[in-house]
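Okay, so subunit A shows up in both of these, paired with subunit B first and subunit C after.
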Partner chain A sequence: MGIIEVEDVSFTYSGSKRPALDHVDLSIKKSEFVILTGPSGCGKTTLCRCLNGLVPHFYSGDFRGRVLVAGLDTREHEIWELSQHVGLVFQNPENQLFCLTVEADVAFGPENLGLPREEIRRRVEWALKVTGMWELRHRPPHELSGGQQQRAAIAAVLAMKPEVLVLDEPTSFLDPAGAAEILSLVAELNKRLGITVLLVEHRLDMTSPYADRVVVMAKGRIALDGPPEEVLTSREARELGVGIPKVIRLYELLAERGLRLPEVPLSPGQMASLISEVVRCR
Partner chain B sequence: MSSLLEGLAFQKRDSLLHKLDPRVKLFYALAVMVMAGVHNKMLPLLVMLLAQAPLAALGKIVRLWARTLKASLPLVLLIIGTNLFFTWLRGSLTDLYIVEDILALAVRFLVFVASFSIFTLTTSPDDLSLALEQMGVPYSFCFMFRAALRFTPVMVREARTTMDAQRARGLELDKGGPIARARRYIPILIPLIVNAITRAWSMAEAMESRAWGASRKRTSLYVLRLRGRDYLAFSAVLFSLIMAFYAKFYLKFPYIIPIIRSALGI
Partner chain C sequence: MPIEVQYVWYTYPSGIEALKGISLTVEDRDFLVIMGPNGAGKTTLLKTLNGLIKPTKGRVLVDGVDTRHATVAELSRKVGLVFQNPDHQLFCSTVEEEIAFALRNFGFNEEEIKERVEWALETLGLEEYRDVSPLMLSGGEKKRVALASVLVWDPKYLVLDEPTLGQDYAQKEKLREIICGLLGQRAVIIVTHDIEFVVDFRPRPRVALMADGRIIAEGKAEEVLTDPELLSRASLVRPQVPEVLFNLREKGLPVRTDVLDLVEARDAIISLARGLA
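Up next is the complex of A and B:
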């Protein structure tokens, strides 16, 4: 069984007529790196909220089906319990940092859990070091760049020691350099520490090389789910308006002109080596 | 107004005052308030005001401190003005000694501002909220206070953006009488309030996701401990407080007008 099991989940926010999620099934294995994408308003954020219990505990509405997180049914466990398994990072870093130093912010979660002070200190130090924020720990958040702020937000979530990191468009407020900074950090956390990642993202150019799987949502349903090479070359993905990486478009255009590469490239580097391989063979 | 707010904004500096325990500094601000409250003559109040200048220097905040005092001048003038007016209305504005007493009230107000700005300028809001927490104030209250301070600059920036955006749409903010002007601020206030509510929602979401309210006994990473210098500072403040009461009941302060007069030879 996967670390996250979403089983036939439908959810309608109270006051809304249209369901935000419509019979969603999704299973994520431990240490997997999954990208979730799809047009705005397709239910990505609502799905994220289901994973740590914000839906149905914080947002009320009509909830059907079942979500299991590390074996815990989200309907029967409180958000604070679930948040020790699933850490949620939001779009706007500013609204996730409440304290006047980075360190105090990272300590906020473990403090709320009432852990012993020594344990809090250990976790804070670990989270700050793993995200590269140790040197900046005494700085107030508003003095940091967007990328650094978002790194602080990730550190704050990591201090809760979750097995799963869910990031809801963490780069949408950042410039390209900040976005690259965050994405490579997330990839490293996945690779080095084995943290399971669900990343909601539109910038697939930067992220798809890291992903094991790409899931595309549309109108509250899962439309596509598979390895990036498969999903991103499908006609449905293009029709749904998924931001297909440029290397994949290039791969397709080359194929149309009769130059078929042996694999679907996900990064410019990979494409370059594939092309030079083909050219050398001729 | 903005510079008065600026005066309350904490800036990190390395000084003895910054290192003192926030509880001691809070005690200082309250003690000065009591001291200024029991006295109503010019001489002791003036002493209290001037005695705080070296403290500001010790905290390396003289310029900010002076700016706060300057920013409170309109209020000081208002206090002087209304007092003079009502005294005159009652027909008791007979001599300069009464004017001195009225001016003393204004100085008393300045003493309040001076002590509280020394307190806020040298105490980080995090420390203050920690102090309140350790004095038994419920954590949710401390958090509210801390978050308010954290988000004040954010809200100010947002207000400016909204004003610019509405100006770009042709809203003229500085035209017409006071009522017309106030009405023109509605298109600024409404988006600002809506934004604040949206922000509150996403903050609440982030707080919930980090185990807000999980445990009844919340641990705090930081602990305030009183050190030697804190006890020393505390004793000094306590001593001044006792002296102030002693002076109030056993000393009689002369008016300073005759002193100034004889000094100037008029």
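Up next is the complex of A and C:
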């Protein structure tokens, strides 16, 4: 069984006529890195909210099917319990940090669990160190750059020791340097610590090289689900308005002219290596 | 007559020097993109254009009028600024009222207000939301309402701060179509981090790079956005197309690197392959 099992889930927010999720099935294995994408309003954020129990505990509505997180049925477990398995990181780090120092923000979650002092200290130190925020722990969050604030928000979530990190467009408020900083941190947490990642993103050029799978949603349903090389070269992805990375478009333009590369490239560096191999062998 | 930013310095009351001697000209019907890291002074610069911020030193002339001697309302008639965060801009109870608000303030007659609001709703694909509260809309829709509420008074200079933020690919393409439709009739100035969005424009804009309160480069997109040294000084990541070509060059393959266009890049790589065959 996967660390996340979404089984035939449908959800309609109270007061809304249209279901936000419409018979969604999704299984994510431990330590997988999955990108979730799709047009605005397709249900991505609602799906994220299902994973730590915000739906149906906080957002009310008509919930069908079931979600299992680390084997726990989200209907039967409360948000504080689920948040020890799934950590959610949002778009704007400013909305997630509220303490006077980074350290206090990171300690907030474990303190609320009522953990022993030593354990809190251990977790805070660990979370600050793996996110590279140890040196900045005494700084007020509002004085930090966007990238540093988002790292602090990730540290605060990690201090809960979740197996799964769900990030809802975590780079959209950051500049390119800040975005690169966050993506490489998330990739490292996935690779080195085996943390399962579900990353909601529109910008697949920056993110797809890290992904094991790309899941595309449309109108509350899962429309496509597969390795990035497959999903991003499919006709359906184009029809659904997924932004296809330039390297993949260039790969296809070259193929039309008879220059076929042995693999679908996901990054410029990889593409250059493939081209170099092919042209030198000719 | 243009907008002329002449050696402008600006220091915030907190003591932060945000602009350090900026000079820039925006001609009639110009198309200019300003890029650079957060904190480089981009938004501050935009705010000097409609007088929200008056220079500490130097001056800004909008069609010959010094911004220190005009009100924001007067300047806004010509310089329409759409902010990054639509929540800072939207406050009416329906989308239609929101879009009509500035026109009422500018003293347009009701008949013209009606016509212009219809045009703006249609141009931005917002007709179905006319009676909806702007605060009920999604982030992407709010951005379009904010743009409509400025575009509606037809400013000569349209200034957009991070218009693609939070937009999906289809919405960005729609936005590009809207912007392209406006080019040639008025000047469009865009601040953005979204380099792939910029390189896909036809015609391509002029690009100014900012870092630490200064403009460090200004020129054609093809030149500025393919220059590795300039891009790294502005903390920008190279667009994917020239990045592929740079990587090929680094592997010792003779190929042009000043290319942003996919088809041009394809041709460069095909001729490289033929040359080596």
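Basically, the second predicted complex is superposed on the first by the 282 of 282 C-alpha atoms of A that agree within 3 Å, B and C clash if a C-alpha of one lies under 4 Å from a C-alpha of the other, contacts with A are read in each partner's own complex, and residues count from 1 in each chain.
Please note the rule applied: a contact is a pair of C-beta atoms (placed from the backbone, for glycine too) under 8 Å apart; a residue touches a chain by one contact, two chains touch by 3 or more.
Bear in mind the structure is a predicted one, so any value in this text is a computation, not a measurement.
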Quick check for you: in the superposed arrangement, does A:145 touch first (subunit B), second (subunit C), both or neither? second
Look at A:192 in the shared chain and tell me whether it touches subunit B only, subunit C only, both, or neither; answer first, second, both or neither. neither
Does the superposition put A:99 against subunit B (first), subunit C (second), both, or neither? first
Using the superposition on chain A described above, determine whether A:235 touches subunit B (first), subunit C (second), both, or neither. neither
By the touch definition at the top of the document, which applies to A:180: first (subunit B), second (subunit C), both, or neither? second
With the two structures laid over each other on chain A, which partner does A:243 touch: subunit B (first), subunit C (second), both, or neither? second
Given the touch rule stated above, what does A:17 touch, subunit B (first), subunit C (second), both, or neither? neither
Shared subunit A footprint, subunit B vs subunit C, residue numbers none
Residue positions on subunit B within touch of subunit A in the complex are 124-126, 143, 146-147, 149-150, 153-154, 199, 202-223
With touch defined as at the start, can you tell me which subunit A residues reach subunit C in the complex? 38-41, 91, 145-146, 169, 172-178, 180, 202, 205-206, 241-243, 245-247, 249-250, 253-254, 257, 259, 268-269, 271-273, 275-276, 278-280, 282
Subunit C residues touching subunit A in their complex are 37-39, 138-140, 165-173, 193, 195-196, 235-241, 243-244, 246-248, 250-251, 253, 262-263, 265-266, 269-270, 272-273, 276-277
In the complex, subunit A touches subunit B at residues 49, 52, 54, 57-58, 78-81, 83-84, 87-88, 90, 92, 94-101, 103-104, 107-117, 120-121, 124, 141-142, 156-157, 160
